[in-house]
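Shared between the two complexes below is subunit A, which has subunit B as its partner in the first and subunit C in the second.
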Partner chain A sequence: MTFFIETLIGGLLAGTMYSLVAIGFVLIYKASGVFNFAQGAMLLFAALTFVSLREQGVPFAAALVLTVVVIAIGALAIERWILRPLVNRSQITLFMATLGLSFIVEGLAQGLMGAEVRALDLGIQDTPVMFGDIMVSHFDLVAAATATVLVTVLALLFNKTRVGVSLRAVADDTRAALSIGINLNRIWQIVWAVAGSVGLVAGLLWGARQGVQFSLSLVVLKALPVLIIGGFTSIGGAIVGGLIVGAAENLAEVYIGPFIGGGITPWFAYFIALAFLYVRPAGLFGERAIERV
Partner chain B sequence: MSLHTYTLPAPFDNAPVHLVGSRAPWPLLVLLMIAFGVVPLLGSDYWLNAILIPFLVLSLAGLGLNLLTGYTGQTSVGSAGFMAVGAFATYNLLLRVPVLPLPVALILGGLFAAAVGWVVGIPSSRIKGFYLMVTTLAAQFFLEWIFSKFPWFYNNASSGTISAPNLVLFGHDLNTPTHRYLFTLSVVTLLTWVAVNLVKSQIGRNWMAIRDMDTAAAVIGIPVDRYKRQAFTVSSFYLGIAGALWAFFYLGTASASSFDINRSFQILFIIIIGGMGSIAGNFIGAAFISLLPILLSFAGQVLLGGAIDTGQIQNLQKIIFGTLIIWFLIKEPDGLVRLILNLRERLSVWPLRF
Partner chain C sequence: MTGATTQDSHTILEVNNISLSFKGVKAISDLSFSVRRGEICALIGPNGAGKSSLLNILNGVYHPDAGEVVFESEHFHRIHPLEAARRGIGRTFQNNALFKKLSVVDNLLTGLSRFMRTNLLEQAFRLPRAHREEWVFREHAESVLEFLELQSYRDVAVGHLSYGLQKRVELGRALIASPRLLLLDEPMAGMNAEEKQEMSRFIADINRDLGTTVVLIEHDIGVVMELCGHVVVLDYGLKVGDGTPAEVQTNPEVIAAYLGTVH
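Coming up: the complex of A and B.
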């Protein structure tokens, strides 16, 4: 029983990392209707930038600020050269544009900052902590705490600030938001920068775990089932989805994996997502679209 | 009380629009004659092996995906998974049932892929758009996992790979590049001809109606679910055959990782760049995708004289690819094929302008 609970908690904590990646997706999808496949590449780029700055001897806080500045510049460029020319095009077109974007960002990141694995030390020890009989990783706890803080900050940003309210207006009804004078392009820039910064946090946590390397950009594939379960439009859904996927994956790898050859994590999350989809075709928290001819 | 007399309209013996009968497609025939007759004589082994065969197979794969995505509007990122099914099924058929001639094994391999495609298509009745795309992604990962985890599929080879069996067609050895090229070309030509007729038929028109708006298609009485599944099936058949050709006629030795997610994306790019909902677009897109890397590395060699290492060239390639995709989506969403058609219209009235 102890082992089961340990596996479950380990999965839930790993799930918060999935949630972090998924939140970046949800932010962009809500504000601009873009299913951003480049989120993984952005995460890689952000983490690589941060690591490179640290290697040059830049202090931690300064490196963080500089990376956010770089992300903001990237967001401006994306809005100007990709989103604005593609405005009013179908969602599939926008998705494919982000596929192209992910190629550009990956190429830039590796071309400018190298392709080798970089170690990243955030100063968090990865020692086990005991709660009674149950052993939990210290690092996972810190990661979960970071995720909680981040979500709280985002919630405050959206509910208490002027920018946040206009952002919610855009997400709710783009045309109405435009008609009362909200600057849509500015909102897009802000959202992409915020999503990039969320990606930075996720990238740093993942990177500290497994080294900053190309495979970081593949977490985007991990985040997809999370989004499916939670729905593309709900931050709460992204969190719940991440927890479900993390826990289910860990449990399945331990309890089902050995019977069918192991290594089932790449697809197991997708099957959970499919099961959810079959019951609720727009995700757990997604809104069901009404179609008119 | 007035009496109206109604007259029937005159029969349309002089209808304003004449349906164009099938003209003999001369440019196409010339192209085929060159491809069948001249290229094998002139092409060196390198050209046939490393450029023309992969180009043809990728065109076929693009065609398969285009039937599903370009004509029926169901985005799929699982193409490589279906290719893997075709490759592994053909391999096992040839291995375990040695009496099967190559074309039969190839077709059966395609049918296996089609069956898998039918299963993957089932959720399309309830799930749409991005959510459906995730279904195909699940299929991609699941199939890749199956073909690397269960040694039965690759005949317990320690390397986890499948190698081309002895390629024999009715007693003729197919192991020279020229023969393999001709066989691939014949398969691709035949399947392209089928596809052209398919999209012109009732089936193709129903697919396009579903692509344009599936709710509206359902309202006018098209059995949407059935046609979506059918598109998945037909598309997977094409991809399965392309996969078998890719494994045995191009690579020679393949494994599950030859059909990973990047291959799926590559095929998706072929149809974006070539042109969605166009048959010729697949060939143009495939030519572009398979020639661009060669051109780029060649240009890198010439311009920079080897001062730049291959890793950087790959990164540069990625950036150029990404930029081109976005550029196409912005400027020419119908792909290269539209550019060529525009050029032809321009030339038809040259030197005057519209």
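Coming up: the complex of A and C.
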């Protein structure tokens, strides 16, 4: 029983790392109806920028602030040169645009800052912590706590600030938002900057765990099943989806794995997502597709 | 796109030879009329006459194939909805386009978005400037709530309100931005007689007390006759009547359109 609980908790905590990646997608999808395939590239770019700054001897906090500034500039550029010119195009066009963007950002990031694996030390010990009989990873606990703080901050921003409320208005009804004078371009800039910053947090945690390198951008593929399960339009869904995927992966690896030769983790999340597509195509907390103007 | 002209100062809006078609189907054909400052003008006509399409052109949701709109002496072939809002054109939609999950007061406050001068960071850290702005916005929202008798619903999520109340909130969201021209797409659709009476009163009050020019689409001819001083009748995208309610009522073409005789 202890082992089961340990496996479950380990999975749930690891799941928050998936949630972090998925939240970036949800933000952009809700506000602009764009499935941003470049979220992974943005995450890699943010983590690489941060690591490079640290290597130049920039202090931790300053590197964090500078990276956010770089992300914000990137968000302005993306809105101006990709979203605005393609505003009335179909979803698939925008998706392809973000796919292209993804390769450009990855290429640029590695060209400018190097393609070798970089170690990222956030000063978090990856040592086990004991709660009675149950062993939990210290790093996982910090990651889960970070995710909790981040989600709380986002919730406060969206509910307690005027810009946040405008953002929710855009997510709710784009056409009405435009007609009452909400500046969509501005909202998109903000959303992409916020999604990029969420990507930075996810990138730092993932980077600290597996090194900062090209493969970091592949965490998007981990976020896809999370989004299908939780729904593309709900931050709460992204969290729950992440927890489900994390827990299911861990449990399946331990309890089902031995019977089918192990190595379940890479695909089991997709297996669950497929099952969800049959039963709840919009995901647990998803809404109908957003109508673009 | 724009240019000054010698528009009569009594005219706030002019529609000049507007045509619009969707995939070859004519929705509006060579339509012209003008709206005087301070009047309530009704657009009437059977379903599919092009009334909503026209409102969508006026605030830039649709772009006409031909013709121009003159608003406050500025000529527009096409206008962006954001630009229309900035120039003082407010509107409501046929099927309520409120932000259902937001409270009544937050819905009203979104109507002030374009007056917002503080950024997300100032607001997040509650800096003095953001605090002051929030206070001014709230004051403004309270006055609209009071004007439309919505105070007791201030913090209710709009999705939980009755249809009639939602229409009133949508009117408030347009009103809070102090528009010079208010476009109302069927503000009384789906209402009972009492609710219609109430809504008519609010529209008349806005027009009289705030001096706002109103262009509205309405099917209830009784309401139109009572509320509006100017009626434009559309049928199959063509103007078939334009004048006072009394003039329009006796126009044989209008009667034909409504009775569905040969066009």
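Here is the rule we use: the second predicted complex is superposed on the first by the 287 of 293 C-alpha atoms of A that agree within 3 Å, B and C clash if a C-alpha of one lies under 4 Å from a C-alpha of the other, contacts with A are read in each partner's own complex, and residues count from 1 in each chain.
Note that in this section a residue touches a chain if its C-beta (ideal position, glycine included) is under 8 Å from a C-beta of that chain, and two chains touch if they have at least 3 such contacts.
Since we're looking at a predicted model, the values are computed, not measured.
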Regarding the shared-chain residue A:179, is it in contact with subunit B (first), subunit C (second), both, or neither?
second
Considering only touches as defined above, state whether A:273 meets subunit B (first), subunit C (second), both or neither.
first
If touched residues of subunit A are counted for subunit B and for subunit C, the larger one:
B
Using the touch definition from the top, say if A:245 reaches subunit B (first), subunit C (second), both or neither.
neither
Between subunit B and subunit C, whom does A:43 touch in the aligned arrangement: first, second, both, or neither?
neither
Taking the superposition on A as described, I'd like to know which of subunit B and subunit C A:99 touches: first, second, both or neither.
first
Could you look at A:168 and tell me whether it touches subunit B, subunit C, both or neither (first, second, both, neither)?
second
Share the list of subunit A residues that count as touching for subunit B in one structure and for subunit C in the other.
293
Residues on subunit A engaged by subunit C in the complex (per definition of touch):
156-157, 161-166, 168-169, 172-173, 175-184, 190, 293
Could you pull out which subunit C residues touch subunit A in their complex?
59, 61, 81-82, 84-86, 90-91, 93, 97-102, 106-107, 109-111, 113-114, 116, 118-120, 123-124, 130, 133-134, 137, 173-174, 177
Note which residues of subunit B are touching subunit A in the complex, please.
75, 123, 126-131, 134-135, 137-138, 141-142, 144-145, 149-150, 213, 215-216, 219, 261, 265, 268-269, 272, 311-312, 315-319, 321-326, 329-330, 333
Touch list for subunit A against partner subunit B, complex:
35, 81-82, 85-86, 89, 91-93, 95-97, 99-108, 110-111, 115, 221, 224-225, 228, 232, 260-264, 266-267, 270-271, 273-274, 277-278, 281-283, 291-293
